[in-house]
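Two complexes are shown next, each including subunit A; its partner changes from subunit B in the first to subunit C in the second.
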Partner chain A sequence: MRGRLWRLAVWLFVVGFVLNLVGIVGHVVVSSFARRWFATPVPSAFTTEWYAYAWREFQLDQVLMVTLTVAGTVTAAALLLGFPAAYLLARHEFRGKGPLLLLFFLPLLVPQMTYGIPLATTLYRYRIGGTVAGVIAANLVPMLPLAIFVLLPFVEQISVNLEWAARVHGATRLQVFRRVIVPLALPGLLTAGLLVLVNTVANFELTFLLSGAGSQTLVVALYYAVFAAGMRPIYSVDAMAVIYMTIVLAMLVLALRFVRPTQMVFRLDRRD
Partner chain B sequence: MVTSLAFRLTKRFGAKIVLDDLALEVRGREFVTFLGPSGCGKSTALNLLAGLLPPTAGEIRLDGVRIDGLPPERRGFGMVFQNYALFPHLTVGANVAFGLAVRGLAKAELAPRVRRMLELVRLAGLEDRYPGQLSGGQQQRVAIARALAVEPRLLLLDEPLSNLDAKLRLEMRGEIKRLHAELGLTSIYVTHDQTEALSLSDRIVVLRDGRVVQAGPPAEIHDRPRTLFVADFMGYRNAFPVTVSSAEGDTVVGHARDVTLRGLGVVALAPGTAAVAVVRPEDVEVAPEPAGANVVRGTVRFTEYLGREHGVEVVLGTGQTLMARLPRPVTVGSALALRLPPERVVILPAEDGAR
Partner chain C sequence: MRLAVLLLPSVAYLLVMFVFPFAYGVLLSLAPGARGLSLANYLAFFLDPWQARTIWVTASIAVPNTVVTVLLALIVAYSMRRGIRGERTITAALVLPIALGTVLVAEGINGFYGPKGWLNQALVGLGVPELPRLTHNYTGVMIALFVQHFPFCFLMLLGYISGIDPALEASARVLGAGAWAVFRRVMWPLIAPGVAIAGALVFVMNFGVFPSAVLVGQPAGATRTIAIAAYQQAFEHSDMSMASAIAVVMGGCQLAGLALILVLRRRMAGTGVATMGAGKR
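Here is the complex of A and B:
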């Protein structure tokens, strides 16, 4: 009896969740293709012209370019800086490592607005605020710790013995890194890269605070499209939202082809 | 070809002394074993030689040239680890070729050398497998091939057989011995297993708390232990406190309350000093007569069948227990007279010489 109730509850939850999701997403998608949509269950006529409109009106080519530049640069920088840092943190024990790690990961725990505003003020003072570089710098503040945080266990599970074996048999430090550490940490690098990429594309607060006219990413542009002065057809905003959703989804699907989150644990040494 | 390796090493981790001025000279083609319980510093010594850990003090000379300043990759050694330490993302072939590939050898040159190495360890044809697809014994063979592929000036082996089951261990022991001789290697082997040390080594160095307790050929370590620690490690499980009555040359006579024991004196002992007579269970035999020299009497407390022989625990009149291995079964509770052959009894100073 309890088992059946339980199953029913799970079913209801799943159905509710899916309906909710389909309802929200479906509404936006349908609306973006609607010529007009008032007080009827479905729009009376469909069109794709809102996409062209949104593309022109919101300068989406430029916004997409900025989004890609920011996301790509933040991801590359977070991995390039985060991997050596994760390696050092994984391999070396020192006093105060615990508190240091906590301090390090503070930007991940604290709401971004709390440090975003002083960060923005500082960056504007140095005239970095409002530029693409400013957006990249601000996004790196939480993304670098995130990359380190994700990479740390991946590096930790690589046995020191493997490094030792490589060194004894003739590999320099650099060769050990390139031939042993990086290939073995590859699942971690992909995972960290994916998380940083998605988080940067989705980041609103920091990008909002730091971006100027020519340095808006898609989310921020979407926000301005909705709330900026002047009337804009809701259908064009919906079209923009669909573009945003499609991009994030495409990125996720592409990434999931390379990373299987459920099988992230890589088989290493049998012991230790 | 290496003709000599000489080192003198001290290693401290904080206040803890792991190696206390361990000094040794190894000849070319020699097989030297560091033998000792865990924590005696034997693995640390190997890691210092390989350059994986920095020594606190000391030096290493290879053919007279100091190498302790060199990073591990420039020492030209090979090393076999207890847990194999094979690269899981590389094939067997790439694992074996690793040392040559990082030295910049062309791909075309690698393949034949890898094949030859795998033939040497009897794994021909497994180049394209991954380590995870091999058994423990096969993995250790790959690890040995990887170490040998670089034509090491010195081969370091850190308990390479400890993770293998008993049958495989015996087989691989033979393999290591064969390869060492065939290739004219100079090897340093670390183990806590005295049978491995005895069967493989030209010389055994027994370590305790980072110091050498005794060093010498296997037969000498086995038959003439100089301290109780070494004797215990070599299987002298029976120990009787005695007082030295006389010592002449090699022969020492000691007496306890109701028994006189004649044995081998490895260390000089003055009459009157406290000593310990030790003997292996395997060397104890049933006495032909109930009394006489080196004969003790007691009651059988426990027996176990061991196949070829019978393990017997006898309680002596003094309350001490004596372990023996006898060819014929005895009954629990029966009285038994046992003879400790003088040529197999060793009489050692009571205080441990290692301290």
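Here is the complex of A and C:
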């Protein structure tokens, strides 16, 4: 009896939490379609004109361009630099591997606000801060390790025998890499790519610290719009939020086809 | 070894973009003037009550929030270790705030928990007196951080707990252990390392809180956290030296929190139970 009551309480808490999420997201969506909305369950009249307004006033075409450039470049660079590293880490044991893994782990562990300030200081000093290149360079710092750690288990699953077989049949190292390893690691590359993409689009702190007038991504633009609430109708801010949400959710749905939710968070289990 | 070439680009990148800026920042924080090293920045920070207060403000947000988040996540994840109705839907829904990020969640909280939001409307409709203000203050930041970090912590612990061999629990049951004894004597020693890691991560994230503290909080007063202080120093006063010093203090506090959690974990895990089978899937 006590056990059942306990489970019911837990279940109610979880449902309540999910409802609260629905309320949070739902409020933004409903508000973005409201002509005006004051203290009623639903607005009295609906409109879609806030989307056009937000698109115009927040220069979303330019912001989206920057977001795509940043996310695309970061993803490509993270995979390009990260895949060889993941391959080596998965295949070989060598001295100093522990400290090296720690170096890769730290940017994921240390909060971005803590290392973002010195990083911004450095990049502004070398005049990269405030540019799109600066935003890309900064975002790559946590995204490269993320790509490596997502790729690692995928590379580990590829049997070494396949490589040896290819070598025995006269393939060069490069051929083995291109014709055997990369095709077999394609699911991993896809997963890592999608996770890096979603994370870069949604990544706030580093982008915020490094972006200037022409190099804001969508989240940062949204932050400034929410921050300056009252400058523009709240419905237009919410319309922008919905645009952002749609983009992230579309990528998330895609990513969730390949990834388990617990994997999105962190890998706690170590494979020894 | 020729294969080291594969590793070189990523290691070089992190050395240049992560290790070097960090070292540069520490050095810069120690060099406020043109010549020599000094602790002037740190002294100024700790002697100025308006600045030093941010440590207390941040801790009074981060510590209770971490405790509540980890505790609730542990309870829920533990109760769900053998599955629950609608588990897939629930876990998918919980990824939402993680993926959407703090800014969007903050905007939604301002609406939903706001004075004219659905929550207050529902409560008034049910005849409950109107709630005190929940947004743009301390409570708002607490709600925002909880909404953000509970799913994170829960999913992490769920993955960890469901990796524990169910046979261990079954054996304990057969030998006559009750629900509490199973938890305390069998499961807890296995779960504790995961809880410590989850708690450490949540604490570190809580201590660096920035967007929530600005958007749902009261950044000029009650929720002026240390990250806000560092940001203002860097971008409003253009004092990178002082900003770096504050960032170093922030990092130091996060490290101290981590150390504390590790010490606590060592104390609590001293039950002499073998921790085999933990976290293996």
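Operating definition for what follows: the second predicted complex is superposed on the first by the 236 of 272 C-alpha atoms of A that agree within 3 Å, B and C clash if a C-alpha of one lies under 4 Å from a C-alpha of the other, contacts with A are read in each partner's own complex, and residues count from 1 in each chain.
Rule of thumb we're sticking to: contacts are C-beta pairs under 8 Å (C-beta built on N, C-alpha and C of every residue); 3 or more make two chains touch, one makes a residue touch a chain.
Note that this is a predicted model, so its numbers are computed, not measured.
Undergrad: So, does A:Ala71 touch the first partner subunit B, the second partner subunit C, both, or neither?
TA: Touch status of A:Ala71: no partner.
Undergrad: Check the residue A:Arg167 against both partner chains and state whether it touches subunit B (first), subunit C (second), both, or neither.
TA: The first partner, subunit B, only.
Undergrad: Thinking of the overlay built on chain A, is A:Arg179 touched by subunit B (first), by subunit C (second), by both, or by neither?
TA: It touches subunit B, and subunit C stays clear.
Undergrad: Looking at subunit A, does subunit C or subunit B touch more of its residues?
TA: More residues of subunit A are touched by C.
Undergrad: Does the superposition put A:Leu189 against subunit B (first), subunit C (second), both, or neither?
TA: Neither partner.
Undergrad: Return first, second, both or neither, reflecting whether A:Ser159 touches subunit B, subunit C, both chains, or no partner chain.
TA: A:Ser159 contacts subunit B only, not subunit C.
Undergrad: Which of the two partners, first being subunit B and second being subunit C, lies in contact with A:Pro111: first, second, both, or neither?
TA: second
Undergrad: Identify the partner contact of A:Leu79: answer first if only subunit B is touched, second if only subunit C is, both if each is, neither if none is.
TA: A:Leu79 contacts neither subunit B nor subunit C.
Undergrad: Take the contacts of subunit A with subunit B and those with subunit C, and give the residues found in both.
TA: The answer is residues 266, 268-270 of subunit A.
Undergrad: Spell out the part of subunit A that touches subunit B in their complex, as residue ranges.
TA: Per the touch definition, subunit A meets subunit B at residues 159, 161-162, 164-172, 175, 179-180, 183-184, 266-272.
Undergrad: Please give the residue numbers of subunit B that touch subunit A in the complex, ascending.
TA: 47, 50-52, 71-73, 75-79, 81, 83-89, 98-99, 102-103, 132, 136, 143, 146-147, 150, 156, 163
Undergrad: Using the touch definition from the top, list the residues of subunit A that touch subunit C in their complex.
TA: 3, 6-7, 10-11, 13-14, 17-18, 20-28, 31, 38-41, 81-82, 84-85, 87-89, 92, 94, 100, 103-104, 106-107, 109-115, 117-124, 137-138, 140-141, 144-145, 148, 198, 202-205, 208-209, 219, 222-223, 226-227, 229, 237-238, 241, 244-245, 248-249, 252, 256, 261-266, 268-270
Undergrad: Which part of subunit C faces subunit A closely enough to touch in the complex?
TA: Against subunit A, subunit C makes touches at 1, 3-7, 9-11, 13-15, 17-22, 24-26, 28, 72, 75-76, 79-80, 84-85, 90-112, 116-119, 121, 147, 150, 152, 155-156, 158-160, 163, 179, 194, 197, 201, 204-205, 207-208, 210-211, 214-215, 227, 230-231, 234-235, 240, 243-244, 246-247, 250-251, 254, 279-281.
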